[in-house]
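In what comes next, chain A is part of two complexes: it sits with chain B in the first one and with chain C in the second one.
And then the complex of A and B:
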């Protein structure tokens, strides 16, 4: 009797948990679902709030073949990807220095780097715009990648720094005595240990860079166009092609979703480890 | 396979001086133990030899060559770290094989396998080869760390408390193994410990380090019987040496000592009288080991001191009886069968030939019955050693 009660209780608990999670998932995913639905609607049916409509691929054809969407897609990929690679190449040594060495104003430097994240992008955009105009970096890959470091670098530095601080310095010393050069020590003993954090922070940095809107809006013109800016173009002055905007957005989230699914395991572990222990 | 010399090494961390003008010579094939309390600078000294800490002053020499400017990897030293410093991402096998896979100490995989087998058998961890360090207990981790140190054939083994986290039985076993291994490998070993039994059983020579300075350097025997000062005397031996003040006085031309609220006289052996007189008749501290005290529950008359039993601790092979004599506590080692009622009367007799005398102010040794001053003897016997005293 008692046993039954308990099983019934745990069954109810599991049921309740799942119902809550499903409700939350619907709530969180609804904008995405709505976006995907919109991408299959024609402009005429766009404003019907019922779910019954005739699916059409018209929007996809218009966006993918009618415009230079793919060009923007690959340019976005290039800008974000290179920005993240540079962030990792430069940010990991910075994180190492901040974790290991003792120098004057160390915490101030670390905090300044973090504070780049606090400032709204629009705040720095105009001065950067003026400077870029002067030195000829406006509307170039280099300029955009450079300014993206503001978005990507602080995250990687702070997460990876926490990881380095958790690694006992004696491990490096042991490897030194075992006959390894500094770069071998770095690659063979340190990189495997910071990998979860690096992967998670790198991916988040990529997503932030990929989604960034303000910087490319102001700092790029026709030459370099990211996907976030391109999506805007389907809002014409007379009509708004919501279907086409939806298509552009749907395809834009695909890389993020795919990468996230692949490294989901690292993502959760990587960010929680550093945060809790660091 | 190498002689290690330190000349006037000074290492500071900011304001704090970790090593204060340390000079030391560890001979080829010697098992040298650095002994001292926590924070004495033992680990810093090891790391200075390894090259992972840099002294502000002084020279480090391996085989007569100054290596201050030599990278740690090129010094060919092998070290056991106190916190193990195992590579968490590698299995036990790979951890132990790691030094033999570096470009500098490259060996082929067949050799690596046999070498790893050899040390893991000796350390009794051959069943753990596939595990990661996180899946091991502290004692097992420590053995893996020892294994990683022993697979190599370095100039010198540096061991930083390698047995500290093993259980008592295993520690005893490993102590014998290390001693055996050292004599068969013919390798210089510098070994850090804070366990005096480990120090005494393993060492060819011991250096006692305190606050970044050597208190004394010598054999285990010298440390125990001829400590240079009270600090060293207290470090060696369990129970701790008994120390009490005594006031010298002359009676019929014989130097005697008055101790325990002046109602007890001790007559030092003739050969230390001169040293005590030289000291100017000042009050001295007398030291005696618990095993050098006779005890009786009946008053046997002259030369016996009355006290009362304060505590009685059986520790397996002996009983330690703490006796209160005129407000001073004296620990006496008694046979296992001893049963003493608390607060009952007990009579003690000190073996006057085993008394140690220390200056009351400086705590330095004045002498010992039937022996020379320890510091002199150390220098004579160990001609190479130059212990630096400030």
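And then the complex of A and C:
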């Protein structure tokens, strides 16, 4: 009797659990599915069909060859990619110093770097906008790559610092006894050891830069465009081609979903800036 | 040989290794040398922040070349302006609503996913997809569904007897729509962090509770929840800090409208600066916002540390 009650209860529990999960799965994934569906619909089908329609590549052709979306895509790729490379070259040594050396004001330096993450982006943007206009960095690759350091550097430094701290100090001491210089130890023993984590952190930083909206909105114009800004134009025009909006969104999201699959193992650690070792 | 110190400070005085005078100067200076290039890049971009404080005391604008100090005029003007209190309210409302919904639902779904089955593992991967989407692009994706001409949600809502739901075009539902999109993007963040917490829980306290015959609810209340709290606070920290300054979603959705229904402090400052070109008057909004964010961040970090210490006692 009691046994029966318990199995019935746990059955009901399992049912309830799965219903909630499926409802959430619909909420999380349906928008993406709908986006992909819409990207294959012609303008007419957009209005008179829901799920059954004859797919067409017309929207893709129009967006990729009829507008400057292609250009924005590669400019975005260039700006975000170079920003991440600079972050890794300049930021990984900082992470190493924060992990391995004791120096005065060390924790202050670490927290100042983290505080960039929490500063309102517009607060930084406004004065930067004024300076960039004065010194000619407004609407240039260099300017945008520079401010993107505020997006990518705190992430990489804090995450990679954690990976360095995970490595036993004895490895370095052994290498030191073998007569290696400090930078040789850093480059030849430590960096290879943290490589998977470093790559994941770099890719996540790339996504953050790729997704940024406020900086390119204020600091770039017609010369350098990112797809977050360019995509807005498709919805703002008078006659909205929803199929083209869907294509713009699909192309913006696709690389990110692929990257996301590769860095699953490091995702929690990266997203929490090393605070949670998932 | 003091070069390599252990990550944790071994010396109570806070300085590792032998006293400074025994260490060659080039080794003592090495960490500064290592961090210099990166710091120059970051500090270069930080100068504007101090400039912002200074400019908030001027009547700087894009139109007016002859700007000068006006001291507290912008600040007093802001505190006298009803718009400021409205934007403060919208900021807090959006921040608390978005963060609250994401914290509660994210934690619940993480608890439902706690068993390490293949089904749950696949769901977890799928659930991370929206988190990768740029806020501005997320708005586009939702507009494909909420548009009253092509939107599929209208058709779904018709089935349950709701017609012409206005989404972002009515002041009454704009906040709901913005929070919904924010939640779509960011709920997985809370979900992932709490799930990581669940998977790191030690086994022995739970086995002991089972031996003592503790009920499921009692175990959750006295063991699971307190041990998950430190993880939830980290999620709270990141979510609240971002939601209080949210700009992308609101700007892409309705530029703060309809009316002033979504004009939070970031949006208000942006409009002051770029629509009315009053840069000097826009900066006090952002500096106040920065103070709010900074103080709440410090409070959350402090509480998180206390909780983490407590949780280790179990």
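The criterion applied here is as follows: the second predicted complex is superposed on the first by the 223 of 278 C-alpha atoms of A that agree within 3 Å, B and C clash if a C-alpha of one lies under 4 Å from a C-alpha of the other, contacts with A are read in each partner's own complex, and residues count from 1 in each chain.
The criterion applied here is as follows: a contact is a pair of C-beta atoms (placed from the backbone, for glycine too) under 8 Å apart; a residue touches a chain by one contact, two chains touch by 3 or more.
Note that this is a predicted model, so its numbers are computed, not measured.
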item	value
Partner chain in contact with A:46 - chain B first, chain C second, else both or neither	second
Chain B versus chain C as contact partner of A:150, first or second or both or neither	second
Which of chain B and chain C A:260 touches, first, second, both or neither	second
Partner chain(s) touched by A:173 [first = chain B, second = chain C, both, neither]	both
First, second, both or neither for A:126, with chain B first and chain C second	second
Which superposed partner A:36 touches (first chain B, second chain C, both, neither)	neither
Partner chain in contact with A:77 - chain B first, chain C second, else both or neither	neither
Touched partner set for A:137, first chain B, second chain C, both or neither	neither
Chain B or chain C, by number of chain A residues touched	C
Residues on chain A lying within both footprints (that of chain B and that of chain C)	173, 176
Parts of chain A lying in touch with chain C, wherever the complex brings them together	17, 20-21, 24-25, 27-29, 31-32, 34-35, 38, 46-47, 50, 86, 89-91, 93-94, 96-103, 106, 109, 113, 115-124, 126-128, 130-131, 146-147, 149-150, 153, 157, 165, 169, 172-173, 176, 182, 207, 210-214, 217-218, 227-229, 231-232, 234-235, 240, 242, 245-246, 248-249, 252-253, 256-257, 259-261, 264, 267-268, 271-273, 275-278
Residue ranges of chain A in contact with chain B within the complex	168, 170-171, 173-181, 184, 189, 192-193
In the complex, chain C residues that touch chain A	1, 3-7, 9, 14-17, 30-32, 34-35, 37-39, 41-42, 44-49, 51-52, 55, 60, 105, 108-109, 112-113, 123, 125-137, 140-145, 147, 149-150, 152, 155, 184, 187-189, 192-193, 195-197, 199-200, 231, 234-235, 238, 241, 245, 247-248, 251-252, 266, 269-270, 273-274, 279, 282-283, 286-287, 289-290, 293-294, 297
Parts of chain B lying in touch with chain A, wherever the complex brings them together	47, 50-52, 71-73, 75, 77-79, 81, 83, 85-89, 98-99, 102-105, 148
